[in-house]
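Both complexes shown next keep subunit A, but they swap its partner, so subunit B is in the first and subunit C is in the second.
Presenting the complex of A and B:
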């Protein structure tokens, strides 16, 4: 914690960044994102095991981006997100400084982003035991069982789209669900409409999802939608050998074709 | 009408539920499913729970459904034929076990839907609904009903309000004619009023701010730096509006299939960037802080001014649902003090 505050102070005082995006204490023993612009405030910054939100989300937020250069406290999924956002030209590397947090919760020193890349190549990007178990359980189900599981889980979805807003890689300003000429996805929050919405999201995140879990955490109705995108991440790895966000030059699994791509899944 | 007090024994309460169900009413009552307490249609009495603090979702879906089919239409070469929805078919509904804040939430919605234009869809559902409220005996640190003029035993909005007494039986306060009809039709289940006072059986919710003061401060706070400072973390996800009993923003969309279609009224949120965007591309609420300001202003300034009702009943659902800890109570306490 002290090392994060110290580094934040240095970056702000030397004007290398205008804002530090980190974590602070919130209400009811919760933690939340903090935006520190004045080095006198760095003592607000904290880091502990409650700090799970993927802060890279704020790198593309209009009002945050306009504060100037940003220093960001980034966990492993957030670092992977940063690489994805750079690959997809949403973030300019020269506009950010990463205060990486390793698996042990300690501050990592990244003189520049290529060092972060090398760190990520070797980092542990395994899913948490809980998510792994949930995905394994789903994989063992028959097609019918899976269909029943998701029909039941998605039935309550009222399409607030909090899952989408919480996802740092769902940054489109006009999402396909909002297009109505033609209407791709039914407006109704109903069984089929909900299915289509979540299938669409899972497809658009295939090979891009960094498995941070924020979409599932954001859902006010506790629907485990992150399992869909995390499963697609596993599939991208299995079929195309791609783990998202390990470098600043990721090729998109969905929009690139290679001659040696397997096509055995095409019906 | 004058409020009447009666006693209903625990066993009689079950009989009342069954009687209402047997009479063909749809019942909406709280049950625990998959570890979560939410209201469901027509559960068996054995499933009904009285132990929760608050459900995740509000109860507004009963009168302001997340999707309301306004009209159906068929279009062909000769023009468009419109079929109205038959509102007489709206079923009678008993809302069983709504907490006092939720019951008051319907009044806030009414102040919007019945304000200048009288919304028939809302009104027909409202007329067909009876609210059997249940006083709160516990609360959490997100509850702030007492700061918005309510309390854990407030009768405002309920037709009958039940309060669990130390004996395990219930005090029934009969508030409206609708409530009285129910009692008259099941007179054998009600007994003379108990001696025990209601007050000792209610949750203690400390008043944390004066809503009058907040309203007063908001009048001059449109350009205050407070909004940007306190909403940088808001991600505009709309979860707060979707769980809120008093949020009434909607969007109207046509959904067509071939030649036929439906005009639908769907929940929306002033927190969404698309909510105010014009066809030209101009967006009068361009950034999230302006949308957060709108949420607070609407509830605590515009509504008290125009609709003579606050747009918040202090249920705390938005604070519990927010993924980034935008705690409305914390912000209202701060707004009471801004200069």
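Presenting the complex of A and C:
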């Protein structure tokens, strides 16, 4: 914790960054995102096991972006997100300084982003045991069982789009579901409409999802929507050998074609 | 309020035999927005088109739906008719009642209902159509011909004779291609080089033709009328301006034992060489892989003997960039080698050769001066066998197709042998004789009847070498099919013709489609055989499929006319059915977020970057922008766009949505 504060102070004092995105204590024992612009405030910054949110979400927000260069406290999924955002040209690498947090919770020193890239090549990017187990369970189901599972799980969804808001890679200024000329995806929460929304979200994140799990945590109804995108991430690893967000020059799985790509899944 | 006119065609009986067209016209006439609904026997006929024109004028139609055949057939016809009547042609749509309905169903009520549904969707769509203006693009009147075989030569000469500049690119050191290697040609038995070399010289002398030999196309950008090509002119290690072509270097080079590509490995060449005496240009190149100097740093004999000091060991490859308007692909074919056939000795039997090698043996300029000799011991073979369909028409070998040329050249080979070795015996083992062509059948009969070539209908199962002889296991299928073993001195395999090596790479560089055998694909097998699906790129000769000289030459002239036709226009108009990224007012400017996922999927490299700048020049936003000239309207980018920021004129989201909704909802 101290090392994060020290590094944040350094960065702010030397004007290397104009804002530090980190975690601070909120109300009722919750942590929340903190945006420190003044080095006198760095003592607000904390880091403990409650700090799970992927802070890279804020890198693309206009309100934060316009402050200038950004320092960000980044766990491994957040680091992968940063790489994805750079690959997709949403942020400029020169505008970002990463205060990396390793698996052990210790501050990692990244003088520049290429060091972060090489750290990620070796980092543990496995899913948590809980998520892994849930996905394995889903994989073992028959098509009908899977359909029933998701019909049941998505029944309560009332399209608050919290999953979308929490996702750092859902950065479009106008989401496809808000496109109402014509309205391909219905506004109201209905059985088919819910399917359409969640399928669309899973497809849009295919090959991009960094498996941070924030969408599932954000869901007020505890629908495990993160399993959809995590499973797509597993599939893109299985079919194309790509783990998203390991470098700043990721080629999107969906829009790139290589001659040795497998095509045995094409009917 | 929309005023749509619907015109339902009987297509003779093609549609009316299965669809109740009168009922379709009646039901469609009841739809909201439809001001006019009629049926007629032949809508595409002059009176039929006049029905459309008169109705547009009289009823002041705002859109037209012609329910007839596929838009591929008659969409241009009816769009033109609408234009003549003063209606924007893009306000005309076609409902495909023939291919999509009447041809695939039987006559009953549901067929008619489906026809009504199809027309209904188009009526819904056309109400969302926008009046579009055709796009005009300029034309660079210079052509690129890739491949300097007989097809490439013919295409280049024909285009050049129309008064246009041509760049001819050839991969090897000389133009001429496979035809230059042939001894005689069927069905006239005239000398191949004698008829080809005058054309080669004409290419070299033509003021409109720029010839790049020992060069390859490396990259292509742009679109019809406006291509930019990158050509790598490989280093010949020679100053071509100084070289007089005296050939002294090619006689002094100490590296003598390199198998000659031109002689199909039956002859030898040096490391500095001219592939054959009539080569154009008749100037040597240094084969860097085999040259002693490039391998060890010592030698330079050629430099010492050269009287004009033209050798340049340090010459780099040259990259040439040219602007061109059209491309003719004439990269030709290759033949399978004898090592492709394990049953015929896997290439290990020296006297089992392929057809192209036999051509060199029979050629007066070949390694044996035209005497047929066995490569193994230089003896004249007394008994020779020709095996037709070696590889061709053999799905087990992955070559299902007929190579088209082998029946004829095998007859020619057998005849040439008989003309040269009068006492010898020639046997042809064949599956079928395919001699479709002017004077072709007569030629084969001549081989059988006048030159006494023995034709045996059989497939040869194995060849075994025994004491310098070759034993063929055969079974004459017209005489009881008893297995026999027959002894020969030499065997010639009429091996399958295959796509030129590198064809696949070139196709990907140029973005033209190709078939499973890597032959370039034509745009339509019957009606557009010399065009590719990429506008402005044409095909000539055996790169599309193996074909003989007359066919290659006529195809080349056909491609040349396509190029000349293109160049007869000062600017091209094209359909504006292209994609567009939406634009909005500030502060959003567009819903495009500039993720550029669309960029790699575009098969035409049509997606560019557009920077939105503030007054003081600061970049506010970077957006995708679609180049009007390059976009072909395939819609792949639209499928990839997460924020639905791209739409395609003529097939907008609104139009497609209206069609879908029309299918589900009764009006």
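Just so it is clear, the second predicted complex is superposed on the first by the 267 of 267 C-alpha atoms of A that agree within 3 Å, B and C clash if a C-alpha of one lies under 4 Å from a C-alpha of the other, contacts with A are read in each partner's own complex, and residues count from 1 in each chain.
The rule is simple: a contact is a pair of C-beta atoms (placed from the backbone, for glycine too) under 8 Å apart; a residue touches a chain by one contact, two chains touch by 3 or more.
Quantities reported herein were computed from a predicted structural model and do not represent experimental measurements.
Engineer: Looking at subunit A, does subunit B or subunit C touch a larger number of its residues?
Structural biologist: If we count touched residues of subunit A for both partners, the winner is B.
Engineer: Quick one: classify A:222 as touching subunit B (first), subunit C (second), both or neither.
Structural biologist: first
Engineer: Please indicate which partner A:32 is in contact with in the superposed arrangement: first for subunit B, second for subunit C, both, or neither.
Structural biologist: After superposition on chain A, A:32 lies in contact with subunit B alone.
Engineer: Does the superposition put A:143 against subunit B (first), subunit C (second), both, or neither?
Structural biologist: neither
Engineer: First (subunit B), second (subunit C), both or neither: which does A:89 touch?
Structural biologist: Only subunit C; A:89 stays clear of subunit B.
Engineer: Under the stated touch criterion, which partner chain does A:256 make contact with: subunit B (first), subunit C (second), both, or neither?
Structural biologist: Only subunit C; A:256 stays clear of subunit B.
Engineer: One more residue to check, A:173. First (subunit B), second (subunit C), both or neither?
Structural biologist: In the superposition, A:173 touches subunit B and subunit C alike.
Engineer: Looking at A:188 after the superposition, I want to know if it touches subunit B, subunit C, both of them or none. Which is it: first, second, both, neither?
Structural biologist: first
Engineer: Just to be sure I read the superposition right, which of the two partners does A:124 touch: subunit B = first, subunit C = second, or both, or neither?
Structural biologist: Once the two structures are laid over each other on A, A:124 reaches no partner at all.
Engineer: Between subunit B (first) and subunit C (second), which, if any, makes contact with A:161: first, second, both or neither?
Structural biologist: The first partner, subunit B, only.
Engineer: Can you list the residues of subunit A that touch subunit B in one structure and subunit C in the other?
Structural biologist: 173-174
Engineer: Which residues, counting only subunit A, touch subunit C once they are in their complex?
Structural biologist: Where subunit A meets subunit C, its residues are 88-90, 171-176, 179, 181-182, 184, 204, 251-252, 254-257.
Engineer: Which of the residues in subunit A come into contact with subunit B in the complex?
Structural biologist: Interface residues on subunit A, with respect to subunit B: 26-28, 30-35, 53, 57-58, 61-64, 158-162, 164-166, 173-174, 178, 180, 183, 186-190, 214, 217-222.
Engineer: For the complex, give me every residue of subunit C touching subunit A.
Structural biologist: 588, 591, 593-601, 622, 640, 642-645, 653-654, 657-658
Engineer: Considering the complex alone, what residue numbers of subunit B touch subunit A?
Structural biologist: Going by the criterion above, the answer is residues 36, 56-57, 66-67, 141-142, 228, 232-233, 235-239, 241-243, 253, 255-256, 264, 266-267, 269, 272-274, 286-289, 319, 321, 323-325, 327, 329-330.
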